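Okay, so chain A shows up in both of these, paired with chain B first and chain C after.
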Partner chain A sequence: MPNEKNVKFYIRRYDPLKDKEPYLRSYDVPVSKGMVVLDALHYIRENLDPSLAWRYSCRMGVCGSCGMLINGSPTLACNTQIFDISETELTIAPLPNFRIIKDLVPELSPMFEKHREILPFVVREESELDDPEGEFYQTPEQLEEFLQFTFCIKCGCCMAACPTLATDPNYLGPQPLAQAHRYNKDTRDGGRKARNQITGSNDGAFKCHYAGECSRVCPKGVDPAKAIQIMKRQLVFDFLKISKSQKPCEKLKGPGKGEKKDIPPAPTYTVQE
Partner chain B sequence: MAELNRYDNRLGVMGWLFKGRWGFERYLYILHRITGLGILFYFLMHIVVTSLRAFDIYLWTEGEFFHHPVFRFGEFLVFAAFAFHAFNGLRLVFVELGFAVGKPIEPVYPYKTSLTKQRPLFVIMMIFAFILFVFGTYEFIISMGKMIGG
Partner chain C sequence: MKETKYWTFHIFAGILLLFVLGFHFLYTHIGELLFKESDNISKELSQGRDAKTSFLVFFIILLGLGLYHGLYGLKNILFEIFSSKAVQKIIVIFILLLGIGLFFFGSYSSYLAHKNAAAKTEVSHAK
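What follows is the complex of A and B.
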């Protein structure tokens, strides 16, 4: 194959049944232009070492399963072109700040538990369940306030890059905090007060000191650091009771209840039969 | 089934400096902590040393232990740490209250983050820190000249 080069892959291996601690093992992989790190891992498992374990699913940067530390930076293996990083050697390790299950498979459950803690859903009054009709009114400007933060795929790269989380396992971390802000900013939501109890606690947003690494490594451009800083301002305003009303928007109930606008007539046919 | 061993892969304090290819702001975060700890250490030592006056011990006067160019240079380092820590701290106050990080935008590749948005603020603050540092350096050179030259 033209433009093919041999790249040495140093992969951090760990077998919970045999090893006390992880170690590096090297593999030579023929790499051609266009190959991503995930392709190389497949090559290793199919041709060199069938015992290598990692987690992946969609192969296109959507599912967030294949987050790993590639040459010292947390990122997605399916999204990373090998030649963009190195043409000679590459070191791959599991995402730090998570426990290792095996080889490149981190245990992400602490992140998901923290995510669950911050009520990651639109909180409404339960009485609405009896009357599920209608829809919520939200302007494009209101949507833009949180749209960026909805793209999170929960890959854990931000949690792996956070230096505060590197020393403090109780800290909520960038992923749950950014998602808390995402729902706080949603005009349909009425759960900010409840979330503030968690995000404003000792292990919440104020433990972030803007190292910014979470935003730099995020493979989806979510910018958790930005969300956390804006949330801190909101927390201060809420504490001082000078923030805007946090009443969730009301439902629009069918035609006639909302603002009526004159509907322009349909244009005439341009093609005559 | 028995619970399998999980290896704790937390980076710890060493992870602040090594074990990764990190960005500029993360090293600023570390430098801010180190300078903060340095200033705190100096402050505690300062209380201890000056409180020795109660026992009629004056370690900082001429000919005494702390009246030595090495400690003078140490004080200069503390001042440099203070200049950085003070102005970087001001930047953090602004940024951590949600100013200078920009508004949420639709993420379009190549992604623009709040890091680039707040960098002009960092440059302005470091210019102020440098001006303060230059004043401190001038004072340090003059005092060292007096100390060495008599």
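What follows is the complex of A and C.
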């Protein structure tokens, strides 16, 4: 592995106010071991072209702002080591399946609107608002059912990789559907019926072709394709009324007031005083 | 949720088609090779099958399942090509009319074939 090497970056540029269509522009960037694509973009803006636009925030794969198409694969610029991909040249473009605001900045609003549609929150009875005391009991096994889907950072990489969304912009897409599944599987939630109206609609889960690209590109290891397939089965079972009814769990109302759980006795001392 | 209903029927139609179409192929086309029986697709044997009411019902079921499964798939493909809601409405109406039309045409044809075959069988029995 060389210490420092010149890597040619081909970046798709586009300013809707000036350009008729996107074009590629190349930049030579000195890359050293450990540099991620985001570092190279900073180098370009600070030293070569201050007009380059992209979106970023946390620099550590948490915020999901810097999703872009790097060498044909949607991923996070802050999470991608340059030398892991290439030592000679790299092509960077904005996430496909989204309108381009400028250069590498996609318009993610359609994804967030679809995400909002699927009620991405724990739905409970309104009457509980009058009595906010207590807590929900959830076993580790119940948590495991949906835990991986909570890791979604809404970067849009799955939406960019989805071939169905590429041809049909009405399709909800893997991100909102996976999140719908995440809340449907939450034992504290009581909103599956309401969500089924959206996920089981014409533009919902049944449009998924199971290409699996969404799961392959997810930088957080979430598996939206799996979520959608489970959701399809769940929708059919709900329609046939043969699914296990998933009533939201009861609240525990503090010591002595809620349901008592068997607490295993503490282990015996191993060290004698 | 409406789509869930159509999708469920689509899946069930697909599963039933496996059996119905399987029986059709086994009986009419492959049975000859497997069981070394006589020529099952000969005109006489075809007419003999057509004369039976059970086969008439079987053909109509096969037609209905095949049309529903196939046209629902076609609708989904067309919906991905044309995302405009107005066009999608036209597609649904077109496919619905096409499906109903083909179903009645096919059913009526089967009924006529059944009627003719039954009449011919009666004549041959009378002779």
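Following the convention adopted for this analysis, the second predicted complex is superposed on the first by the 255 of 273 C-alpha atoms of A that agree within 3 Å, B and C clash if a C-alpha of one lies under 4 Å from a C-alpha of the other, contacts with A are read in each partner's own complex, and residues count from 1 in each chain.
Keep in mind that, in the parts below, a contact is a pair of C-beta atoms (placed from the backbone, for glycine too) under 8 Å apart; a residue touches a chain by one contact, two chains touch by 3 or more.
Treat the numbers as computed from the prediction; the structure is a model and nothing was measured.
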Open item on the list: Under the stated touch criterion, which partner chain does A:169 make contact with: chain B (first), chain C (second), both, or neither?
Closed with: both
Open item on the list: Looking only at contacts as defined up top, I'd like to know whether chain B or chain C touches more of chain A.
Closed with: B
Open item on the list: With both complexes overlaid on chain A, does A:211 touch chain B (first), chain C (second), both or neither?
Closed with: first
- [ ] Quick one: classify A:200 as touching chain B (first), chain C (second), both or neither.
- [x] second
Open item on the list: For A:236 in the superposed arrangement: first (chain B), second (chain C), both or neither?
Closed with: both
- [ ] Take the contacts of chain A with chain B and those with chain C, and give the residues found in both.
- [x] 167, 169, 232, 236
- [ ] Can you check the complex and tell me which residues of chain A touch chain C?
- [x] 164, 167-170, 196-197, 200-202, 204, 206-207, 232, 235-236, 238-240
Open item on the list: Under the stated contact criterion, what part of chain C meets chain A in this complex?
Closed with: 1-5, 7-8, 11, 76, 79-81, 83, 88
Task: chain A to chain B touching residues, read off their complex - done: 14, 16-17, 21-22, 69, 71-73, 94-101, 106-107, 144-149, 151, 161, 163, 166-167, 169, 208-213, 215-216, 218, 220-223, 225-227, 229-234, 236
TODO: Would you pull the chain B residues touching chain A in the complex into a rising list?
DONE: 4-13, 15-16, 19-23, 25-26, 28-30, 32, 92, 95-99, 101-109, 111-115
